[in-house]
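Below are two complexes that have chain A in common, paired first with chain B and then with chain C.
Coming up: the complex of A and B.
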């Protein structure tokens, strides 16, 4: 599992690469929580995440809360149909803004 | 025709979960459609994770996890046996309250909910001093 960060205008784009499961989620969580700037706009690119378990959902929940706590805006892009079904079954889907592509996600966060 | 794969026995700890996933995929790949493979992988991951973290580690126990799997008619199944204290996942599964905003949701408890959402069927039995969890997906019998 790898987490990469880049900046596009005022949007921080964070790409997660690899499965988000019980083994990888704790490290991903540490990385992601450290990358949420106060009041900033963050797009998490999930294109490189083929698999996510409840451990990954837990990470998403904590990232969401951190963003809320620092008045940030958070959005997701590149969420596969499988990941969507996991997020839908647990009621996560409606809380996240999800864009089909990273480009669209950046546009929407900048709007 | 029924097929049963040889079981694997792994230490009941977190590092073994990767081996469990690999075994599960080796059983169900080709028997189920890719979305159903994903669902079985996820359910098996959640059940195995629950056994090693709650069944063993939190109870200060060590033990092994035995996994086998196969197909029988339209049933594709994965079965876990462990020697942790008796635990029927069906008693502990609470659907998340979808009306509660994510900011106030409890952090845990989603895994077992996912198990029952993903699977077509689930069986639990206490077998002597072991727990036996059977995860079942149905397949198109023509496949």
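Coming up: the complex of A and C.
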């Protein structure tokens, strides 16, 4: 599992690569929280995440909410259809703002 | 003064011993089961008869254990073995127990250390993660205990606490409801699929779904392939529990990922948002371990003589008809059942429970019925369960039939089997039933006097038996597809095919059947008590005359969503009846009628009528029952409602009926008349047309007429007598 950060205009884009499960989730949580700046707009790019386990979903929700508390705007992008349907069935989907693509997400956060 | 919350490590969150390579320490006996604690998992299991116990750990799906940890003597408190194990990957873990003890079936002990046993308190069970996926039959320890996260975000969900008398219950099978590809949902046959159909349920107007068993079971139990058709038969209904704390994984779109707990909770949360309660059909009368020839899964190997009713020679009593009988009034088992229901009520926000073969729950450890069964009393008075509906199927397979006298502590309701039988017989025109029909229609005060109409769950059909469509389409059951030579299933169905057995092109028969379906729905939904519909009956779903479809996972048992269009007329009639019930509190009293005018309205709360008003005909030849409910007595006189007059004519000829007079100024309006073609068969609340003749009404052959006499007009008139 890897986490990368870049900046597009005033939007911070944090990309996650690899499965998020019970093993990788604690490290992912630390890395993500460390990379997400206080204030500003943040897009978490999930294109490189094929699978999230229960623990992974919980970690993402925790990170998302902590980021939400210090940032005005945060969204996810690049969520695969399979992941999206898992998030929908388990009730997680409704807690996130999700953009279809990274580009779209950046545009929406800039707007 | 408040201080900032700073989480700190516990001083007991470190291992004290090492066993099999794992850091461990003595665990806490309570709570039973496997619980996440800081850094580890607290495993607690009890057995009063075991000499020793091991915890067996597997990597998910691995054939052989990765470790086996014997509980040291110092890790026992009484008969409880408890240990915290550190450094486990919860999500990749399956666990079980190996119990050592005497193998003396004659004395009730059936310890078998060659078996790995499932945790009775397991929050999740793996092994049947995807419905119908062919299992590895050779796998040791096939149904494995797992952990789940219990930090679901309920987003503010709280119990709805709909008063029982205001419920309209809808009995559904999670898989069957949306499994048919024509359901159009993204994940057919799952909790998520059911959630997608919430708009349909809302439009129908039901405010409670009763889910057939959702505790983990094995759909492959007694599975077989029918010679001839080659169809595989399953345990489709699931009345055979493997894990009392575990939701059925195969009902979850996410079962393959082990996320069934979150998915079921999401369904409950969404139903609650839509104003719909969730009642679970629970099966505590027996387990999936069967008799002495059945598999050892959990209870049998932990404390056989505690969990099962045994004969003096150590054989299994079979009051459930399935091989064993759960020993519900043993103090240990009683606590197990109580803890389990508390868990579902608090952890899954479940609103009530329907107990399968509940008469077993009042048998003592030798099988004798108890006057004051401690389990039922505990459930009735439990604080966690205080607002939960408790509904008994008040009979068992051992001949105990307790409809009307189930030990109830003022709390328990019952599936009213006598209501079902009487309405069915009256509908088809059996003689000498007018009096009994009147009693059943008004909440069966003969059975539930002192308990109120709310103790009577009224139904004409349920999962067990014909669907409503088949009730009016078949004289006989047609269970050949079950592979038992049509010998299984009930023979006393009180059904009638109206001239032709099964489907017909005859327009007269088809019209009469449709009218009978509407009659049944109009009767059920205006009856005093709690109405329950079988899912699919509102669109005339059929099982082709099969009255015991427990083994079919096919179009035979699934809800056919094409019928929503095809039978739209019936569906809109049922919707109108449900809406009418919700609009009229006078139909939804918790108590029984008194037959007096205690509210001083000039009318009794309930009065009976015949072809002549005020002259009911209870003679054996009478097939006509008409009731008038006075809205001034609604909800015991605490609410003002309209007058409602309901005439049920099960005679084959029309009757010209004199109507009871309303107060000055009020006029009868026609809510429903099943003899009229749609859309005049029923009307939305507030849009009912006025009856042309206010003094008389022609009630068609085999028809139900429901009239409403608006109170507003009556009141305005009496407030202003000069008008």
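Basically, the second predicted complex is superposed on the first by the 109 of 111 C-alpha atoms of A that agree within 3 Å, B and C clash if a C-alpha of one lies under 4 Å from a C-alpha of the other, contacts with A are read in each partner's own complex, and residues count from 1 in each chain.
In the analysis below, contacts are C-beta pairs under 8 Å (C-beta built on N, C-alpha and C of every residue); 3 or more make two chains touch, one makes a residue touch a chain.
On a predicted model such as this, the values are computed, not experimentally measured, just so you know.
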TODO: Could you look at A:61 and tell me whether it touches chain B, chain C, both or neither (first, second, both, neither)?
DONE: both
- [ ] Please indicate which partner A:23 is in contact with in the superposed arrangement: first for chain B, second for chain C, both, or neither.
- [x] both
TODO: Once the structures are superposed on A, label A:53 by its partner contacts, choosing first (chain B), second (chain C), both or neither.
DONE: both
- [ ] Report the partner of chain A that touches more of its residues: chain B or chain C.
- [x] B
TODO: Based on the superposed arrangement, let me know which partner A:89 touches: chain B (first), chain C (second), both, or neither?
DONE: both
Open item on the list: Under the contact rule defined above, give the chain A residues that sit at the interface with chain B and also at the interface with chain C.
Closed with: 21-23, 53-55, 57-58, 61, 85-86, 89-92, 95
Task: Contact set on chain A toward chain C in their complex - done: 21-23, 53-55, 57-58, 61, 85-86, 88-92, 95
Task: Partner chain A, residues of chain C touching it in the complex - done: 89-92, 148-149, 151-153, 155, 186-187, 190-192, 252-254, 257-259, 262-263, 265-266, 269-270
Open item on the list: Taking the touch rule as given, give the residues of chain A at its contact with chain B in the complex, in rising order.
Closed with: 21-23, 51, 53-55, 57-58, 61-62, 64-65, 68, 81-82, 85-86, 89-92, 95
TODO: Can you check the complex and tell me which residues of chain B touch chain A?
DONE: 14-15, 17-18, 35, 38, 41-42, 45-46, 49, 53, 96, 98, 101-103, 105, 107-108, 110-111, 113-114, 117-118
